[in-house]
Structures are given as structure tokens and as C-alpha cells.
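Structures are listed in the sections that come next.
Below, chain A partners chain B and then partners chain C, in two separate complexes.
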Partner chain A sequence: MSTRWDAIVVGGGHNGLTTAAYLARAGRKVLLLERRHVLGGAAVTEEVFPGFRFSVCSYVVSLLRPWVIRDLELAKHGLDVLPLESTFTPYPDGRSLCRTADPDATFAEIASFSRRDAEIYPEFGRAMGKLARFAKAFIDHPAPEPASLRPRDLMQLLGLGRRFRELGDDLAALQFKLTTMSAVDFLQEWFESDELIAPMSCSGIIGTMLGVKSPGTAYVLLHHYMGEIDGASRAWGFAKGGNGAVSEAIAASARAAGATIRTEAPVATIKVFNGRATGVVLQGGEEIDAKVVISGCEPRLTFLGFVGEEHLPDEFVADLKRYELRGSSGKVNLALDGLPDFAARPGRGAHWMGDISVAPSTDYLETAYEDAKYGDFSRRTFLNVVVPTVFDPTMAPPGKHVMSLFVQYAPYWLKEGPEGWPARREAFGDAVVDTLAEYMPGLKERILHRQVLSPWDLEQEFGLTEGNIFHGELTLDQLLFQRPAAGYARYRTPVDGLWLCGSGAHPGGGVMAAPGALAALEMLKQGAV
Partner chain B sequence: MPRTTPFHARTSALCRSFLWKEWSGYAAVRTFDAHSEREYFALRHACGLMDATPLYKYEVTGPDAAKLLARVWTRDITSSRVGQVVYSAMADPNGHCLDDGTVARLGPEHFRMTSSERWGYWLHRHARGLRVQIDDSTDRLACLALQGPTARDVLRDLVEWDMDIMRFFRIQHTKLAGLECWVSRTGYTGDLGYEVWVHNDDALAAWDAIVAAGKPHGLEPNGLDALDVVRIEAGYVLQGVDYISAKSCLVESRKSSPVEAGLGWTVDLDRDPFVGQAALRAEQGRGSKWALVGLVLDWAALEDLYAEYGLPPHLAPVSCRDPVPIYDAGGTRQIGQVTSNTWSPLLKKYLAIGQVYAAYGKPGTRVRVEQTPEFHRRRVPATVVERPFFDPDRKRHTPKKPARKRKGAA
Partner chain C sequence: MSAVDTLVVGGGVDGLVAALAAARAGRRAVVLEARSELGGLAGGAAFAEGYRHAGILHDTATFRLQVAKALGLAAHGLKLRPRPQVWAGGVWLTPEAVAGALPTGDAAGYRRLRTFVKRVAPFAAALLDAPPPDVREEAPLWPLVKPAVGLRRLGAADMRALLKIGPTALRDWLSEHVTDGRLMAALALPALLGTWMGPMSPSSTGFYLLREALLGPQEVEGGPAALVAALASACEKAGVVLRADAPVARIAVADGTVQGATLEDGTDLYAERVVCALAPARLLDLLQPLVLPASVEAALEHVRARGIVGKVHLALSAPPSFGRREDVEHAVLAEDTVHLEHAFDDAKNGRLPSRPPPLDVRVLGGPHAPDGHRVLSILAFGVPHALRSGWDDAARQAVLEGVLSALEAHDPAIRDKVVAREVLAPTDLEARFGLPGGHLFHGEHALDQLWSLRPTPQLSGYRAPIAGLRLASSGCHPGFGLTGLPGLHAAG
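On to the complex of A and B.
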């Protein structure tokens, strides 16, 4: 190959695409290589069954950085995010709770469980909103380096310190609690009704191999309060056309800026010569050289899979081996003949216009975790269900629906090992459908097709090591300057010319495009490419 | 989606303007006609009848009810007597104002508080260890405000209780046209006026009876627009406008202490501990940062300014709540902001309520207030004055001394 590339991006997930787009817009010659036939990685829309299109893995948009949307002109390239309007929780006793953006309606809903909680709920939202605005300073910038004495780093730390002080004593204490407590303990300091605490606490466990009562999960709550679309905090949305539309828009922006994108081009090796990355070798043997290589893949796969231990410092390898992946979630995608009714709230209404949380009590959630702790999927799972066709009918044939079920817990590490998943996949799918059918009696008769993705499948098909949807747990010990390893938080790696731009880099997982954008901006700033 | 009050059948039939606004989750009429002038003049020269149901209401009962309320309000509620209504402020532990409202003592162990925000959880939080019950009566008690110089005449024959002996800030359980109710001599207009509290089921009957009795006395239903003009004339602050409840403030600098919100007179510092006491004491020691003031704009200067543009002064027909900067007399330093302002048709003055640095709070202080004729930022002289701007004797005057013994209900 005669072309000399400035940069090769390994992996066409939304972050890799973002890096490619930023670099191409800065005038660099960029080649992006994707193993699969479709772009998007885990932010992908696929027609799994004829006429039924699914956001196969990730299924909502919230943290997608507004500045990335502006910089890459994603609206011009086809991105349209429709807001989610509600969070609905049915309970087995026939009651239910629907929280919406309408404060008075939400007050009445919560007041049917606890009037006191209903009154406090907006105050809690305000407190979390303030903390989230503080935390957003972290996700919109490269991680601070606490050990560095360089003026730039000191200024950044100083600025964060000032902002922390401005929070006021109460909120600073709250921030501390948030980083140390469990989601349930934290919420119990505010609320009394378990029916409210349970669905609120599940934001704390999404994608982690922890329970709602495990310390540290409170922080992930905050991560979810950072969600915004159009600058409106706490807003979640569906991308029209599914989450693949996010990736497609970024890819279109990258192509428009001159990036070259190749699909079905699986990378086998990242070439390292004299401690420097010089290019990649594809599985077919094709060698491509570039000034720098940027990996959007998960760090352990990148270094132990593509680079090889022999090119890496021992401590770094040890850190990578300690890096917690432990996927804990699966996905079930259903094609439906029509919408069934909830037993607790028949008919259509606001409760269909958002996400549906099967999280009837904190004990239920903790029990689900108990099963997973000892290497089994939960008999009764936590579910986060969305029905994109309610918003975007083009995802299915007229009158039909697609339903996306995010399922926890489905531990990668089954008792019999991860290889046991293919044999248990359908039993897992049955457990999930049975669980939802308890709240939605007509569900089973409506199912036309069913796709079940275990963490094993997420690893095999999407390259998510151990099926971890965030490229590594979002626990505090693996965030900020520790992500993915101490000393390498600024997208640089121990290998010269090799950079990271995926969810395994700061600020972490979620369809936010922040690692991809920040990595590219950092590389350009450092003159690396 | 706002809910409707029990008076909706009547108010919606009368609301020709279709102008409504959301008030604590309820739909409330802004003005019945396209213009609120008639309602304003009824309030000042006859009487206005307004649906005040959206006020939050809590029934606090039990042996420790007074103790709890004294703990959360800045005034010493324990010393209030049965039948008395007390106006007070509420502060958070940092001494920042949360709300203002009234506490009526309906019985030795029964109080009803009103507020502009929900405080059920706050009451519960401070009720630990106390023998009290807290009951939110917002959704079952309807409230009508009958305000204006002829208000007593309207109620005199309608209410069993002798209205001529009811004093300012008193409340009485009685019957109105045969309906069980509470009548209090309270209001938000700074004038003679009453509030009638009835169960939702009796709301329409109470409305009809008052409207019928009010006909010969010039009664007009009024909405929130007219109310806002008269409450500025009365110098009353409005939570959410003239100060922001600390619980809703996103930044510390937006918070005010009760003193800085013009409610310092409601703070009884020397008594058993109450929420915010230590912080308020510290503020007393070091002095407040802000003062809430009444301002009157110089009319001649205002006229001259607009004349430069060939215009008469712009007199909004309703009050204005868009904050406007206040400068010192030299016009160089920004020293505060006007939070409410209105033309007073009665006083023929342009009135404003605002916050300035405490040093500028003394009556007589000359300042400048921004005006923007034809999009130009200009400054008009104004003077700090005592509030209320309008304070008629009839507000407090009681025609008859109460008899030694209660006048028996018929």
C-alpha cells in the first residue's frame, strides 16, 4: 500500500469514528478500520429480523456531548434525538409509578406512595443537578493529573478545587457520600418509600457487577444525572433510526472531512518497532503503516490482544490484568406483533413514552445480584425496557413494534465459565421474557422474533471484552486519572505513537463521544499527528 | 398540566380573556377581562373576589404543634393566641429565607399554616421527637380572598359571626350562608379584606353566596394581575420574585436572609432554638449585605427622559417582574436590582421593590434605576421610601369593640 496515513483508527465504534472525524477535520489523512460489516460498534442499528430494526446493544442517548454535536455538525449529517418523556415502574401488586417531566403529575404519582418523598423529589433533583454540573467539568476535559506539577495541570486542579468549594458545604459533603456510599444507602438518606428508591437506585448498577447495596454505586447515579440533550439536564432520548444513527452521522461527518472508512477490515496486530507503533496488520495479512495508531477498542484487547505483552512495561501489563471488566448485563430484543398492556396500567399513555424499569423493590434488585455473584444469571432480572417504535415507527413494519430489554444480571463469568453461555442463552431469554410477562400478561403471544445477547455474545460479536458495555467498570478506582491505568489517563500509552480513544479511556463508557473527541483534541494539541 | 380548583366552573365561565397562569400546580386566572384595570379599581374602591385555593395549607395539631411551628418559623408561634393569625418568614439552617406565610391558631393544639411552597417534608424533618400530626389540607380546603373597602359590608349579613368586631389578623370558625367555614381578616392587598376557607364541596355555594351578596357593594372577581399591582402598593414581597426561596436557588449569591428579604421584623431571635437562629444572630452581629427597599421613581425625570424620544412615559398596565439594575446616585456603580415594579393608578406614582446593598437602604437615599426607552439603556433618579406605599386606616380599623362575652351564633 503506497498511501502513507497520518493516523489509523482501530475500531469503528462511535468513539473511534469521532476521533477519525476530529482528526480528518484538522486536515489529517485518517484511515478507520472496522472488523464488522457495519459501523458503530455497540452503537449500532441492525435489521435483525426482516423489517425490524434494532438498536442492538446501546439503546438510548443522553451523554452525547453537545459540543461534539456542534463540532461535527451531526444534525447536518442526519442525527435527530427524540426526548424520552417518562420512567415507568410497575409493581407486582398492581400499583405503578410513572415519573415524567411534569412536576405536578410526578408529585401526585410519588405521593401515592409517600407524600414526603414527593415533596423532596424535586429538591433531590436540584442537588444532583448541581453536582452533575460540577462533575461535567471532568467529562468535558482530559482527566486531571494530581501528581503533575506542570502549570497547566495545576491550573486545572485549582479550577476544580474552586468549583468544588463553590458547591457549598452541604453539597461537598453530598459529593463525598456519593463517591463512597451504595446507591440504596444514599437514596435512603433522602427518601422513605422503597417503591421509589428501587427504580432510582438501578441507575447505580447499570453495566456494573455490583448490587444496588454495594458501596460505590451511588456515584453511577450521578453519571446518569449528567445526561443531557440540547443542554437540558437529566434528559434522555432516542436517536431517530436507532443508536446506529448516531454512529452513521459521525461517520458521515468523518467522510465529509476526508476520512477513509473500511468495514470488514479486522485488525490482527498493531505493529510495534523500537517501542513505537508503526501501523497495523489485518487478519488477511495486509499491512498498513501510519504515523500513529489510535485504538477505540477496550484497553485489554488493545494491548494484550493487538500489541502483545512483550512490547509493554510489566507494571502496565499487571494493571491491565487487574482492570475490572466483568460484564454483568445482557440484551434481549423482541419483535412484537403489537403492544401488549401493562396489568398495572392498561392502555397507552405517558408511561409508554420513556423507559420502563422492572425494579419493584431494592430487595428484588439485591436478590438479582445475589444470583449473579455466584455465577448464574438472575432468576428474576432487573430490566430496563424501551419501545423505540412508540417514537419512531420506521423501526418496524406498520403497526408492529420493536422492544429493547436491557437485562441485569447476566454475569460473563458463569459457574461453568463464559463458554457455557451459548448453551444457556435461550434459558436466559426465557427468564427475561417470563419476568416481563408477570407485569405484561399478553407479552408472550405478541412475540414474533427474539434475539438474545449474553455477555459472551457481546464479546464475540462486538469485541466488548468480558461483555462489559463500558469497556471497564465505572467504579471510582477505574475513573479519571486511573482510567485505564495510572499514568496513562491522557489517551497516551506506554507505546509511542499508540493512543486510546474508546470508552476505556477517560471519561468512560456511554454513548457520549467524549473519549473519542478528547483523545483527538489532545493528540492535535500535543502535535502527535 | 395544571389542575383546576373547586371554583373552576365559575371562574372559567367568567374568564373572557382566556388569560391563565400556573400557580402551584393549579390553573389560576390572570385577568378576567382583557385588561385588569376594572379589577384593580374594584380592589381599591369596592372589593375583589379572588380564588386563592392554590396556597399550600398544612394542619398542624397535637400537644407540641406550637413548638414545631416555632421551630420552623422565625416568629415565636408559641405566644400566639387562639384566633390569632401570625405572618412570618421561614429560614434554612444557614439563615437563608425559604418562604413566608401565615400561621393561624385555630385551637389550643390546632394550627393552619399557609405557604407558597410545599413544606410537608420540612415539617416532618423538624418534628422528630415531638407529639404532632402534620396534615396537608391543600387539596381539600378551598380559599377565597375578598378584599377591598366594602368587603366587610359584603360579609356582614352573610356570616354568622359579627364582622364588625373581627380585628386585623384574626380568624374565626363560623358559618357563611349556612356553610361551615373559617373567616380570617387577612390578605395580600394591604387593605381591608378577608379570606374565607371552606371545604371543597362547599366551594361553589360559598362563591355564589358571596357574589350575590357582593353585587350591591361593587364586588368584581379579580385575578392575579390586579393582585400584583395592589400587593406592590402594599409593599409586600413575593417569594420567587422579590426573593427566591433558598431551596430553589442554584447559586449561593441568589439567596437572601429574611432580613435581606424585607422580613426582618418577623425574626424573634431571643427565644428557644429555631432553624436558622444561629446564622441570623451572626448576621445581626456583622450586619446584612442587602436591604429590601421600596422605591419611587422621579416622575418629572421619567417624563423628561421619554420626551427626549418624543414619547410619553411607558406605563405598563400591569406590574413588571423583569429585574432591572439599580445604580448609585452618580449612576456609576450598580448597587442592586429592582425585582417588581408597577404604575400605581391610585397614587399616581411609579413604584418599585428591589434589593440594594445595605448601605443604600435608608429612606431618602437617592439612586438611579435603569429605563430603556427605544432600546437605550438610561437611568432615572429614584428615592428609597418606607414601605408600604399605600396604607389606609381601614386596613386595621375595627368598628366595634368585642363584647366581653362572645356574641352567640344565632
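On to the complex of A and C.
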């Protein structure tokens, strides 16, 4: 190929697309290469069954950075986010809890379990909101670099230190607790009712191979409060047309800025010459050169799969091998003939207008983790369910519905090894459907089609190493300046001219588009491209 | 009774250290111990005719030498001896023995692990030995500079390694070095005793490294009981009044200043300073409500102290024969890290151990048992304070049965040697020693209950926001039981 590209982006997930869009808008000649026939990576909408369209993997929008939406003019390019209005939890004894944006209704709902908790709930939200504003300083900027002595880095550290102190003693202590405690221990300092603590705690375990009682899980609670759509704090949203619509809007923005996007163009190798990335080789043998290569793929796949150990420092290879992926979740997508009722709350109403948590008690969640800890999927799983057709009927034929079930735990590392998954997949799907059917008795009769994605399937189909939805666990030792490895948290890698822009880079996963945007901005600032 | 300078509530190691340090600084100190014997968890006691244990917490290798030196304990009979090697059920925890008994990969890995631990230990020990800096808003930032500089001094590679592995699960880190299950479990277990974690819990590696940093090459000859005896003797020499059977009902405070203490028999004692050497959460009982700021009370209520260790004492008519050896003094017996994790799961879920529990065993002879006889001092991991079915004799019997089964795997004749036994559930430890949650370290070792946050940010400097009231307990920095540091810092 004769065209000389400024930059090649490997992987057309939402972060790769974001990087491509930012670089193209800065006037660079950008080529993006996607292995699959469809863009989006794990933020993708596909017609899995005729007439039924699914957000196959990620299924809600919450942390998509508002400044990225503005910079890339995503609304103009078709992004429309509909708010998720409630979180509903049914219990086996026939009671249920529906939390909405309406403070009075939510007070009454929680008060039926504990009046004290109902009174504290808004106060908790305010405290978490303040911490979320503090934490945003981290996710909207490149990671601080404590090992660096450069004035710019020291100033950043000092600034963060000052902001931390400005939180005041109580909030600073709270922030520290949040970073180190388990979700359950943390919430138990505030609330007494396990029925409330359980569904709140489970946002701490999403995507990690940890339990709600494992130290360090409280941190991810904050993500829930950082969620925002166009500045409206603390709201979850559903992209009209599914999460693929997010990727499509970013792709449209990139194309409009002049980026070239190729699908069904799987990269086999990132070419390294004299310690510098010079381009890529596609699986068909085609070689494409560029000044820089940027990978939106997971770091271990990028370096050990595409680059090769021989081009990397030993210490970095050791860090990559230590990098924990350990996928723990699966996805079940159902095509439904109609909407069944919840035993605990028959009929339609606010409780269908958001996400539904099957998380009846903290012991239930911990037991689900214990099953996985020893190499099996949970017999009774934690589920986070959304029914997109309630918001966007175009996702299914008239009168029909699609239902998305995020399932934990489905450990990539089964006792018999990940290759045991194809044989266990349907049994896992049955366990998931059985779990939900306990709360929704008419469910099974309504199922027209079922798609079951184990972490092994996520790896095979979407290139998510070990099925980890965040390209690496969001644990304390893999965040900030250590994501993905100490010394390489600023999107730069040990290979000159090779950069990272995926969720395995700071600040991590969750359909934020932050790694993609920050990587591009950092490259432009450094004059790398 | 005439006024004294310093009242020390609680005659455990930290209480005695605080009183002695105060006396050596010229103060008149009185120690008030609720029980009839001094020593708290370090005190030895007879549990059967002719058999004594040497303390509930049986390890003294964490007792800091600088405390012994500062208090001149050598002159009062404190003798040190090399720490006995740990027997891990078939293999001794020494580089040479590991090299002889295990595959070459494990031998090299074990050496690598020990080398790393030794390299970072001075940094960790410096953090643990010094009082924690005040990290509150109005405090200056400069005390934080020293630890930061210490961290940088480690060199970039070790600093990065420490930050990387500290928050991780101990099983993951150990398995980067060694493969043998017994070896991994024996390394892990002592670090887990103070936590509410299994080896698969994040941050358990950090607690392994911190404990290793505190372990000296020597321990007190005669165990914790001998340490208490030396402290008591030194106290008496220094003029400290040691009062046993003197339970305190109330620490008296007026106008934000401590006034003294009231005993349960109604006696009022006046003092300008009171050192509370009990678990910090006990302040909630000992102080009138609202004496502490509400935020401090709330923080104390949130101190997590969920005991998951039971104590068993066995009197044996003959030495145990662990792996056909009779010279084992310290054994850590667990099959592998999954065994430890299962034990934690059981305890976490409020169940009795479903398998024979992992054990940390000290074998005591000499003054503790008649000639030729032995006492086994056993810490059993995975015995929950919050047993869902409730603690009764049947539950204690089940723990004993589990312990005997675990020992039987190494000495098939152990049951025949047992002539007397004592089983202490965490609830028994709570009742006997006033330990909230039956927790042996006055508060779990957890990242948010360490350093300037132990026991709470407001109390972490061994001082309460009440003039004259101080804290000296393992529930303060640095934790880890018998270090003597909280007592020394509280008196300073």
C-alpha cells in the first residue's frame, strides 16, 4: 500500500474509534482496523436473532465522558441516550425494593425495610457525590506518576494531594475507606438493612473476580455515582439503538473528520524495527506502515500477541504476565414473546424503567462468589437485567421484547480450564434463566431465543482476553499509575511509536471513552503524531 | 487514696510497658487489671493441674528490641533466644531445608521471596516503629515526607513491586515463587490470624509483608509469660503499683480533661493522666456518653473486630511426634492455601470449621508441664466469633475434634497423649479478656484500619480528644499484637 498513514489504530472498539476521531480531527491521517465485520468491540449492537437487536456485551451508558460527547459532537452524529430511571430488586419472600430518582417514593420504598436507612440514603448519596467529583479528577486526566520527578508530574501529584485535603477530614477518611474496604463493610457503616445493602453492594463487583465482602470492592461503588449523562449527575442511560449506537456515533464523527475505517481487517502482528513500531501486518499478509500504531486491544493481547516478548523489556513482560484479567462474568440475551410479570410486583410500572438486580442478600452474593472462587459458575447468580425494548421498541418486532442479563459469576477459569466452557455453556444459561424465573414465574414460557455468552465466548468473539469485560481487573493494584504497568500508564509503551488507547489503559473500562480520548490528547501534546 | 500521676487501665503487655515507661520518666503510675493475673493475652495460666500455657498469643518474635532496650528489661530477667524454625508439616521453613525437601524451582523461589522480604523489611519496619503521622486536615504535610522518601529510597524496582503486590492476594504472590501447598500455607497463616481475610483476599500480601517486617530473629525465652514477668518485675522496681482484681467501671472526665477512674467497687482514683490499654472500642463503655465527640464515637463503633481464631490448649503426656520428630517447637499446619481459604469461608459464613482447621502450634515443655510432658498452645484459624448456631459445649467439642484430627495427620498417636484440654472460642476470649468480637489484635488488620487510621483517624496518635487520656493497645498503630510499641508511644 502506498499511502503513508500518520497513525494506525488496532481495534474498532469505542476507545479505538475515539482515538481515531480525535487524531483525525487534529488533521492526522488515520487508519482504523477492526477484525470483525461490525464496529464497536464490546459496545456493539447486533441482530442476533431475526428482528431482535441486542447490545450484545455492554448494555448501559453511564460513564461516557460528557466532554468526549461534546468534542466529537456525538449528538449530531446520532447518539441519543434515554435515562434509566430505576433500580429494582425483588426478594424471594415476595417483597421488593424500587429506587428511583423521586426522593419521596424512594424514601417510602426503603422505609418499608428500615426507616433509619431511608433517612440516611440521601445523605449517603450526597457524600458519595462529593467523592465522585473528587474522583473525576482522576478519570478525566492522565494518571499521576509518583515515580516521576518532572515538575509537571510533581505539580499534578501536589494538586491531587491538595484536592484530597480539601475534601476535609471526614470525606478524606471516607475516600480512603472507599478505596480499601469491601463494599459490604463500607455500606454497613451507613445502612442496617441487608435488603438495601445487597443491591447497592453489587455495583462493587461488576467485572471483578472478587466478592462483595472482599477488600477493595467498595471503590467501584463510586463509579455508579460518577455516572453522568451530559452533566446530569448520577444517572444511568440506555443508548437508543443499543450500545452499538455509541460506537456508531463515534465512528461517524471519525469518518466525518477524515479517518479511514476498515472492518474485517484482522491484525496479526505489530511490526517492530529497531525498537520502534513501524506498522502492522494483517492476517492475510498485507503490510501497512504508519508513523505510530495505537492499540485499543487489551494490553496482554497487544504485547504478547501482536508485538512479541522479544521486543519488550523483561520487567514489562513480567508485569504483563502478572496483570490480572480473570473474567468473571457472562451475558445472556433473551428474545421474548412478551413481558412476564414479577411475582413480587405484577404489572408494569417504574420498576421496569431501569435496571433490575437479582441480589437478594449479601450472603447470596458472597455464596455466588464462593462458587466461582473454586472454579465453577454460580448456581444462583447475581443478575443485572435491563429490557431495552421498554425504552426503545425498535429493538424487537412489534409486541416482542429483548432482555439483557449481565451475569456474575461465570469464571473464565473453570476447574477444568476455560476450554471446558463450550460443554458447560447451556447449563450455565439454564442456571441463569432458572435464577430469574424464581422471581418472574412466567419467564420460561416467553423465551423465543436465547444467546449465552460465557467469558470464553467473550474472548473468542470479542478478543476480550480471559473474558474480562474491562481489559483487566479494576483493582487497586491495577489502577492509575499501575494500569497496565508501572511506568507505562500514560499510554506510551516500551516500544517507541506504539501507544495504548483501550480499557487496559488509565482510567479503565466502563464505556467511558476516556482512555481513547486521553491517549489521543497525550499523543498530540507530546508531538508523537 | 492519694492522687497519682498516671493510671493505666489494663495490665496487658502494652499497659505494663506504658506504666513502666511513665515510671522511668519519673511519674507515679498505677496499673489496674480486671483479672487476678497480669498479662492479658500474654499472661500464662494453668489450664489443668500441673499444666500451664504461656499466653493466648504465643509469639513474641514481634516484640520490638528497642522497647526492651528503652525499658532496660534485660536487667529484669528478659532473655532472648533465636526464634525456633517453623515446621510446615513435612518441611522446615529454612532455605536449606526447602532446598533439600522440595523441587529446585521452589528452593530458588523461596530464596527469591526471602530476599525480597528482607530488602523491603527495613522500610516497612520504619513505618511500623514510628508513631503514625497525623493526616488530618489541619496537620502539616511534612510528616508524610519521611515515609515518602523512605519509599523512594527503596529504589524504583522495589518501590514499584511493593506498590504492586501490597494490595494483592497473598496466594497469587506466593504462587509466583513457590508451588508447594504446605509451604505456601505455612507462610500465609500467621499473617491471616489478625485479619478477616483468606489468602485469596486482596491486600493479604500487604499484611504478610508487614508482619514479616516486625519479626525479629529472636524471641523471648519462656514465651509471652516470661515477657510479662520481666515487665512486672521492672514495674515493681520502678515503683509502679500493680493492682490485680481491680476492674475499672468508668474513666472520669470533666471539662474535657481526664480526672481519674472509678473501680467497679465504687472506689474513685484520681490522676492527671489515664492510659487506656484495653481495646479502643472499650472506651465506649468506659466513658460517659457524649464525652467523646459524636464523630469519634461513631468511628469507634465502626472499628471492625470479627474474631476468627480459637485457642486450644492441650496437655500431653509425651512430646508430640510431628513427622516422627520430637524436636518441633513451632509448627504451622495447613494443607494448602485452598485449605486456608475454605477455613476463612466457613468463619465468614458463621459456620464451624467443615474440615480440620489450619493450626499455628507452639510446643511448650520445661516449666509449663511435668517432666517429659508437653503443652500444645494452638491457634486455630477459621473459628468464628459470630457462630450462627451459637457457642455451646457441643460447638467447642467440635472445634477440639477438628484440631485433634488436624494434629493426627502428623502424629497418629496424638489422641492417646492428651491428658487435659481447654478450648476457648472467640466468645470465651471476649468474656475472659474483654476483647470486642473476641479479636486477638483489638481490631482487624485491614488497609483502612492501619497506621494513621488505627483505630480511628482522631485517636491514631495514642491520644483521645480529652486532655490526659491516652491509648495503648494493639488496636492502635501498628497492631500485630505483642510489639510493645503502643505502650511506649502512649507514654511518650
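In this section, the second predicted complex is superposed on the first by the 529 of 529 C-alpha atoms of A that agree within 3 Å, B and C clash if a C-alpha of one lies under 4 Å from a C-alpha of the other, contacts with A are read in each partner's own complex, and residues count from 1 in each chain.
The criterion applied here is as follows: a residue touches a chain if its C-beta (ideal position, glycine included) is under 8 Å from a C-beta of that chain, and two chains touch if they have at least 3 such contacts.
These numbers come from a predicted model, not from an experiment.
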- [ ] Name the contact category of A:Glu366: first (chain B only), second (chain C only), both, or neither.
- [x] second
Task: Contacts of A:Ala105 with chain B and chain C, given as first, second, both or neither - done: first
TODO: Classify the contacts of A:Leu210 with the two partner chains as first (chain B alone), second (chain C alone), both, or neither.
DONE: second
Task: Between chain B and chain C, more extensive residue contact with chain A - done: C
Open item on the list: Which partner chains sit in contact with A:Lys130 here, chain B, chain C, both or neither? Use first/second/both/neither.
Closed with: first
- [ ] Would you check which partner chain A:Glu119 touches, where first means chain B only, second means chain C only, and both and neither mean what they say?
- [x] first
Open item on the list: Per the contact definition in the header, classify A:Thr302: touching chain B only (first), chain C only (second), both, or neither.
Closed with: neither
- [ ] Using the superposition on A, tell me which residues of chain A are in contact with chain B and, in the other complex, with chain C.
- [x] 168
Task: Residue numbers on chain B that touch chain A, as the complex places them - done: 1-3, 25, 118-122, 124, 136, 247-248, 250, 252
TODO: Write out the stretch or stretches of chain A touching chain B in their complex.
DONE: 102-105, 107, 115-117, 119-120, 123, 126, 130, 166, 168
Task: Of chain A, residues touching chain C in the complex - done: 147, 161, 165, 168-170, 172-173, 176-177, 179-181, 185, 189, 210, 213-216, 315, 319, 322, 324, 363, 366, 370, 373-374, 475-477, 482, 486-487
Task: Residues of chain C touching chain A in the complex - done: 135-137, 141, 156-157, 159-160, 163-168, 172, 176, 197, 200-203, 295, 302, 304, 338, 341, 345, 348-349, 446-448, 453, 457
